[in-house]
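Going by the order they are written in, the chains are A, B and C; count residues from 1 in each one.
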Amino acid sequence: MIEIEALEFHYPQGEFHLSIPRMSVGQGEKVAVIGPSGSGKTTLLNLIAGISCPQQGTVNVAGQIVSSFKDAGRRDFRITNIGFVFQDFELLDYLNVLDNILHPYRITRALKLTQQVQQRAIDLSNGLGIGDKLKRFCGELSQGEKQRAAICRALLPQPRLILADEATGNLDPRNKGRILDLLFENVESHGASLLAVTHDHELLPRFDRVIDFLEFRTGTAA
Amino acid sequence: MNAKFWQIIVSILLAVSFTASADEKLSVYAVNYPLAYFAERIGGSSVNVVLPVPSGIDPAFWEPDASVIAEFQRADLILLNGAGYAKWLKHASLPRRKLVNTSAVFQRDYISVEQTVTHQHGPGGDHSHAGTAFTTWLDFNQARMQAKVILSALKKQRPQQADVFIQNYTSLEKDLVSLDQALAAIMEQDSNKPFIASHPVYQYLARRYNINLKSVMWEPEIMPAQNQWDALQQLLATHGAGWMIWEGQPDKQSVARLDELDINSLVFSPCANTPEEGDFISVMKNNIREIEKAFQ
Amino acid sequence: MINSLYIAWRYLVFNKVRTATLVACITLIAFLPMALQLILEESQQLLQSRANSTPLLLGARGSALDLVMNSLYFDDEVPEIISMQAADEITDTGLAYAIPLYIRFQARNKPIVGTSIDYFDFRNLQIAQGRMLAVLGESVIGAVVAEEYGLAPGDSIVSSPDTLFDLAGAYPLKMTVAGILERSHTPDDQAVFVDLKTAWVIEGLGHGHEDLSRTRDSSVILNRSEDSVTANAKLFQYTEITEENMEGFHFHGDASIYPLTALLVVPNDAKAATLLRGRYLENQQYHIVRPTEVIQGLMENIFRIKRVIDAVIAIVGLATVLAITLVFALSVRLRQRELTTIFKLGCSRMTAVKLIAAEIVIIVLAAGIICAGLLHIVDANAETLVRMFILN
């Protein structure tokens, strides 16, 4: 699913440097990425998602060389192929849960908001246990509910790859397990791959594989 | 052929409309018969003169109702006698523009009369209203002036008919002047000859023709009460009149009792309302013949 | 674009106070100058058409504007008083006819216009119900007066006591409504018309005499002797002229010195108008004005003031636009995180611009609709507003 070869990246300013000679994630694989703060885990996610471009090397996601696209192409690729789950959920307070889940469809032309999509959003939210809270605003939700909504948003466009950046970081221990279960469940049922950056070492055994970032990093974080 | 046809139609229409506007009579309302008569004489066929006072009622004290006042309001001209004549005018609403005060030209010569009705306004004290004698037309020279005012009012309304009006007026004026001269000639015989008027309506007549006239407050058709006879006796002591002038045919009893006092009766009708017989001129001629009796 | 509008709409709904404030600001800044313009145009039309239909006015030397405002629009500022004699003087010139006006009293806050029947002909006022004035004590009322107070022919209306001029002990006069005029969309709709003589009765110049010997209320009698009864000023709450007491009503003194506020002078033709104005040029007592000129002068002054107001509004408008720009700039900064998120999700930077643009479109549209609604209300009530703000 992900094939990275001879990747070299540094920010225009600063001394941070990321170098990945080779890394791959297979179809349906659930991989955790660990490493100390500033080791470039988020940068890796940005490179895979096409938010940033490497100076050298290739990032191949689902058989496409992401770094070879132009900006618009990368965005369309991202919104159709990749689902993002953030640590702070990044839900919009002025939209209700349903509108938040449907939001990707409203901000890009690459996705078309149809009746079926709406129905799928409802089914998905039912599956994640927030089907009765679709009309609520995010301010009225608990942390766990918020992350469920965020997962719904990530899954709705049926991406082939889910990128989770500290997705369980702000949850209490009981919720961590349950959210991870939900994430795994849905990734599996969609046949997608999961690349999750995490600090929760107790959760690592549940992943198929763990990549430790200390392997790749040279230089210091900006 | 077609053009000719239309030309004829148009000229017929024009002719009809012109005749119509010329035929439209001026609506003239008057407050008493003399004015109505003068207007009719001067205006001839171009005017429609209305005196809405029912016969037998003195126009000076008549009260029109709202619908008659509305008729007055719609008239082209409203002829007023002036000199406070027709008390209903005091509280009626009439269009100023249409009012013609026929006696305004000689208003300096109005005769004031003391009225006997006095009343109080708060603790301020009594006062009485100075009244004005209003039978202006019994001075035929004044009548002529009033007629002349009517003439100019009509001329102003219908300038295109001025010539006819002037012609009509001249004929009326001749009649009035001859009345004036006839009466003056009779009175010249003896201007000191004392007369008594049954009612104070002959002020202008007396002034113009030098009539030595004193007045009582009698009504022709009512036998005077005893105190009125006493007042007459008192008056006769200083004013030895042999004739009493009545406004209308007097009551036979009154005439008989006057005879006992050696006072003869004669009728001089002010002719304020439409006469039963004749017109203004013939009534006045009659009046003059009556007064002539006193000198035979 | 529909999606952007939807998101913008949700954002605006969520931030109600901010939205309402912005809409209110834009509405006000757009509405004020337009409403002002509308009212001024209406008042110009109203004032001008009335002035144009009034050839000349004669009044006491003094403010021409007061004279015109009182005589044409029945403003309650009473000009210097003239006398009836002035009317005769005009008639005597043979150049014009004069319609006397005595506009000084009020009945139920509506002006009482004392005039002669000629006024109705001149203004082409027709009776819609009832009949024209016939006798003393009657009134004919404008359509609006009838409507506002639910008056019909046969009802009555009482003049307001005028404490300032009550020295003669004049009592309010109860007047019968003889007729109601057809609506003319002029100040005549707002007036109570009476005969001049009736107006003089209100002033106390004409009066009747009640039969006091039958009065039961002993407190009104100052002195009762066998043949005379003196009453004090308490006698009536109002005077009423009835068929029975009408004959007793009378005026004291010479009618030619009775008061008027103005004469509406209708010259025979343009030449007569010029001659007449020339004759009164040097007159110490009176002056003749052309209402059209006076109103033109007034409108010029009003529009001069309006230009100043417009400039102020323009500056305030500019300040508002700047403030609104600032509000949007700040809200973009507040929403930086949201914008980063949607960028990460895969939308272009332009989307942010689209969202803001959609917001502006909605706000401006809402302000525009409210503004149009308000202007419509102003337009529908322009006549009333003009009467409220300009004519009073």
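Just so it is clear, contacts are C-beta pairs under 8 Å (C-beta built on N, C-alpha and C of every residue); 3 or more make two chains touch, one makes a residue touch a chain.
All values derive from a computational prediction rather than experimental measurement.
Any chain touching chain B that also touches chain C would appear here, but none does. Among the other chains, B has the CA centre that is most remote from the centre of chain A. The innermost chain, defined by the distance from its C-alpha mean to the mean of all protein C-alpha atoms, is C. In terms of their C-alpha centroids, the spacing between chain B and chain C amounts to 48 Å.
Computed from the mean C-alpha positions, the centre of chain A lies at a distance of 72 Å from the centre of chain C. Here the CA centre of chain A is 119 Å from the CA centre of chain B. Shared interface positions of chain A, defined as residues touching 2 or more other chains, are absent. Within the complex formed with chain C, the residues of chain A that make contact are 49, 51, 71-72, 75-80, 82, 84, 86, 90, 92-95, 99, 103-108, 110, 113, 137.
Taken in their complex, chain C has these residues touching chain B: 87, 91, 97-100, 116-118, 121, 131-138, 169, 178, 195, 197, 207, 209, 222-223, 228, 230-233, 241, 246-247, 249-252.
Interface residues of chain C, counted against chain A in their complex, comprise 3-4, 6-7, 10-11, 13-15, 337-338, 341-348, 351. Residue ranges on chain B touching chain C, taken from their complex, read 66, 69-70, 73, 87, 90-98, 119-123, 129.
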